[in-house]
Amino acid sequence: MFVYQKKLQYPVKIDKPNPRLASIIISQYGGPDGELGASLRYLSQRYSMPFDELKGLLTDIGTEELGHLEMVGAIVHQLTRNLKTKDIEGTPFEQYFVDHTNGIYPTFASGTPWTAATMQVKGDPITDLTEDLAAEQKARTTYDNILRLSDDPDVNDVIKFLRQREIVHFQRFGEAIQLLREKLDQKNVYRMNPAMDL
Amino acid sequence: MFVYQKKLQYPVKIDKPNPRLASIIISQYGGPDGELGASLRYLSQRYSMPFDELKGLLTDIGTEELGHLEMVGAIVHQLTRNLKTKDIEGTPFEQYFVDHTNGIYPTFASGTPWTAATMQVKGDPITDLTEDLAAEQKARTTYDNILRLSDDPDVNDVIKFLRQREIVHFQRFGEAIQLLREKLDQKNVYRMNPAMDL
Amino acid sequence: MFVYQKKLQYPVKIDKPNPRLASIIISQYGGPDGELGASLRYLSQRYSMPFDELKGLLTDIGTEELGHLEMVGAIVHQLTRNLKTKDIEGTPFEQYFVDHTNGIYPTFASGTPWTAATMQVKGDPITDLTEDLAAEQKARTTYDNILRLSDDPDVNDVIKFLRQREIVHFQRFGEAIQLLREKLDQKNVYRMNPAMDL
Amino acid sequence: MFVYQKKLQYPVKIDKPNPRLASIIISQYGGPDGELGASLRYLSQRYSMPFDELKGLLTDIGTEELGHLEMVGAIVHQLTRNLKTKDIEGTPFEQYFVDHTNGIYPTFASGTPWTAATMQVKGDPITDLTEDLAAEQKARTTYDNILRLSDDPDVNDVIKFLRQREIVHFQRFGEAIQLLREKLDQKNVYRMNPAMDL
Amino acid sequence: MFVYQKKLQYPVKIDKPNPRLASIIISQYGGPDGELGASLRYLSQRYSMPFDELKGLLTDIGTEELGHLEMVGAIVHQLTRNLKTKDIEGTPFEQYFVDHTNGIYPTFASGTPWTAATMQVKGDPITDLTEDLAAEQKARTTYDNILRLSDDPDVNDVIKFLRQREIVHFQRFGEAIQLLREKLDQKNVYRMNPAMDL
Amino acid sequence: MFVYQKKLQYPVKIDKPNPRLASIIISQYGGPDGELGASLRYLSQRYSMPFDELKGLLTDIGTEELGHLEMVGAIVHQLTRNLKTKDIEGTPFEQYFVDHTNGIYPTFASGTPWTAATMQVKGDPITDLTEDLAAEQKARTTYDNILRLSDDPDVNDVIKFLRQREIVHFQRFGEAIQLLREKLDQKNVYRMNPAMDL
């Protein structure tokens, strides 16, 4: 189970409203490679992952990503909370606003509602960890692109923190695959699905 | 941010594999009225909800639902973890198995991947809390239907616990709407969107 | 069965083309809380709703919403029918135009095609009516937002009519839940699904 | 606007519950080529269709299809209304039941919620009428398949009526294209989009 | 099987970057009536199509459409490959860019990922060929709309080529239906599904 | 452009109809990790991939996967082409049959139409190649699961061939990442997006 601690993993303090930027950053809330997909992917893959340290790794990173989801929500909220209607008109935020006002809704930048089709839980440990490597790279690239499109230093400071965490996760998943391969080799079941066949 | 505690909110101990039942209960993991949608709905609605006690309520219930999501995942996992291939053939679990083996993936009972289109964050406090009342009733009905289709007492014991929690949440959201209406009346802004207009 | 009467429930007469506004108002045609979902939700819930007066209420409101769908279509049509290509370029209507010219297509403001995942028919009378309360509040909020973003009095006159009807429907669904609870209490089946258990 | 008449276009009287058959026929309620898509397609295409008789044809057929939607809902309802839980277990209706009890929900046979992506409104009269020809053939084929899979004469009697109506509609849309081509030739605008260019 | 030839069916040489235009033309890559759907529709319909010449026609046109898909990808690539970030900001390409940088991804103009719900394979030869007639008209209309919104002669030259091919395909599918009807009449099975009943 | 050669990459000769197996194997036609997604992913990623040998690799593998798509279609077709209606009733193929007869349609095993949300083109070479590693593992696992559920030697012979090709592709993508890293290091741009920044 989860316990909520009333603070963000890293502080978010944004003064300048910016609906254009909000309509881009929302993709890390509910976009194809965002934090919702990340946390749900890892927390779901736990069940069929053999070996306690790998299960624990997925739980740790999945839980941290829930905190990142909260941070991205805070960014979008702070970018849009004090908007006047005239600040919204003619911006790409307008199509979002009509359906969600300035609530935070898990959607792609394009407005497509988040779908679990963007993630996979395959029930094969090698496969799931490889999926996770790809997920971290995709999230990292999205943060790269946000940094290209944003010149708000308050925003970019947080985005750089989040981007850095994805790189750390990528490395940890890489180590996890190594560990898994070693364990599987010891049991002479290389290339089998250890969740099914052990 | 969130902290993980390594225990379930309520214990899940299921001995008898049952792929048919798993293919139904998965809907409370990733179905239209399941625990994923519940937690994400409440944790997302927090940002634009005025008044600290209402924001806190959404955080509390949203966090609890994350724990319920974990419990439902544990049920499905325990119902399918020791299956032999021949136990799967000819059951409705077979279509799930080909794409997810016995991993836990957020999907409707029908196999539709979860989509955020099943939930809404409207950015209007009255509206969001009414959405939450409906969500709790829909979850409660799904648990009713699971109880109709299951005769495994180990499963039903957990399902009844989860069903009861939805009823408690329904009542708390009802009280929250009352509280909100009182606060809004005091400020004489009844029927306005307090998130936009205060 | 349905009979068409060749007039709108409330007249729509818009002179000024406005592709920006059209790209917002389309969400009440085919968006997550629009008139298509409303009419289909109520007309579908009828079948399993016990008690003739409740079934009749769903039929009445569902049929009226079909007329609202028609009105919203007329608004979008009148806002876009005389557009020159140069009026479209650079507006958010351009992405819609390439795929639908100035036809009327049931889509979210974001361009997501309407999906039945945005509505629910749960087959439990209490639950379905609570879903309907939420639906009416969500539609009302969307109309609120359109009024915030539009300053065309011809449009706003119609939108205010439609918004007012949602409030009336909300009240009627509230009364319906009261009526249902009374009927269920008389039969001592409170909290059971009367569609299944009576 | 639409007026409801409290009778079906053609009577539906089914005695024998049949969850297997219900799980197939639901596709004509909310499947890719079902009556929901049909009515919404035609009623939406009206707005940009030039020439009153073509607009009228779309309105007539679209309104009739609303009545067919109602009839298909009645079939599914009558096939499932008196089911006991034990009649549902192990049938393909079980996955539907957990999320919708025996309510009527617009879904594919596979359980995919209906999506407007299955239909098109292109805003070009020739194109829209050709889309309609295809739609009628697709609906006709679905009814053919239902007849192959059903041996309930009460069901088949209604399905044959509905199938016959699709063939009539196909012919009427064929005549409409002829009429449109003649009108366009008179104005020497063949191959232009008359909705845009007249 | 397929062999790749390293040249485009028709040359694409675009000098001027244009993110606005790219965000429209992408709909012929992955939009509801684009080249992906076209090729996949025809190549999938082959299997159940009786008569070798019709199967061959579907294979020919389906393979050609794969080449058109490649050409449309080349157009979008050339319109976006040399963009500076400042050229993207404030254009409708920005929402695409955050998730795909300047990669080519199969999406509607609105940003909805391509879905097979936009096409049908009905397994009935008459129906599938009628679906194909509609598909060609819808693609033709999309190219019409692109021509209305583009004034880049390098782009328009290619679009006109692609548009012309859709018209040719429409005619060939029309002839195919004629051929099919003749063959079916000879066997006296008119209005039956020849894939099932011969 | 593509040229069709009228033979399969590897022969498919299946005698025994088997609708249950068809309803599983269809997932490699249009499922989340199937051949459609594979070919489209690689053929789309080509445009923004720097370095001719990597672009060529994506083209080669993408083209081969088109041939695999054709082979999987042939398997499903041969498993279902001679079915009598009574062979279909009560099998999981029935829900597919009502909407597609025995045509081949790109769908998940669950019946969800294929969606591009299951794949990504990120426009960053490192990221796209990592996505491809994950894609190959996911496809390999699906083939593993099909082998677990099938005991038809004619089917399994082909599935083993396809599975083996995924492993070869996985290795080639691994080598490609190595090559890419070396090239990027030489230019001292490690961790930048070479498609954007070179």
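Labels A, B, C, D, E and F are assigned to the chains in the order they are written; within every chain, residues are numbered from 1.
Operating definition for what follows: a contact is a pair of C-beta atoms (placed from the backbone, for glycine too) under 8 Å apart; a residue touches a chain by one contact, two chains touch by 3 or more.
None of the values given here were measured: they were computed from a predicted structure.
Chemist: Starting from the defined contact criterion, work out which chains touch subunit A and subunit F both, please.
Modeler: Looking at subunit F and subunit A together, the chains touching each of them are B, E.
Chemist: Sharing more than half its contact pairs with A-F, counted by residue number, which one of A-C, B-C or B-D qualifies?
Modeler: B-C
Chemist: How far is the middle of subunit D from the middle of subunit E, if each middle is the mean of its Cα atoms, in Å?
Modeler: Roughly 26 Å, centre to centre.
Chemist: Could you please state the distance in Å, as a whole number, between where the Cα atoms of subunit A are centred and where those of subunit D are centred?
Modeler: For subunit A versus subunit D, the centre distance works out to 41 Å.
Chemist: Quick check: how many Å separate the C-alpha centres of subunit A and subunit E?
Modeler: Averaging C-alpha atoms per chain gives centres 34 Å apart.
Chemist: Where the CA atoms of subunit C average out and where those of subunit D average out, how many Å apart are those spots?
Modeler: 20
Chemist: For subunit B, give me the residues that contact two or more of the other chains.
Modeler: Those would be 32-33, 92, 99, 101, 107, 110-113, 115, 117, 120, 122-124, 141, 148, 193, 196.
Chemist: Can you tell me, using the touch rule above, whether these chains form a line, ring, star, complete graph or other shape?
Modeler: other
Chemist: Got a list of which chains touch which?
Modeler: Applying the touch rule to all chain pairs gives A-B, A-C, A-E, A-F, B-C, B-D, B-F, C-D, C-E, D-E, D-F, E-F.
Chemist: Which residues, counting only subunit D, touch subunit F once they are in their complex?
Modeler: 20, 23-24, 27, 31-33, 92, 108-112, 141-142, 145-146, 148-149
Chemist: Which positions of subunit F touch subunit D when the two form their complex?
Modeler: Against subunit D, subunit F makes touches at 85, 88-90, 92, 94-99, 101, 107, 110-113.
Chemist: Okay, in this complex, where on subunit E does subunit D touch?
Modeler: Contacts found on subunit E: 32-33, 112, 115, 117-118, 120, 122-124, 126-127, 130-131, 133-134, 137-138, 140-141, 144, 148, 193, 196.
Chemist: In their shared complex, at which residues does subunit C touch subunit D?
Modeler: Listed in rising order, the residues are 1-9, 30, 36, 40, 43-45, 47-48, 59-60, 63, 66-67, 69-70, 73-74, 76-77, 81, 99-107, 113-117, 120-124, 128, 193, 195-196.
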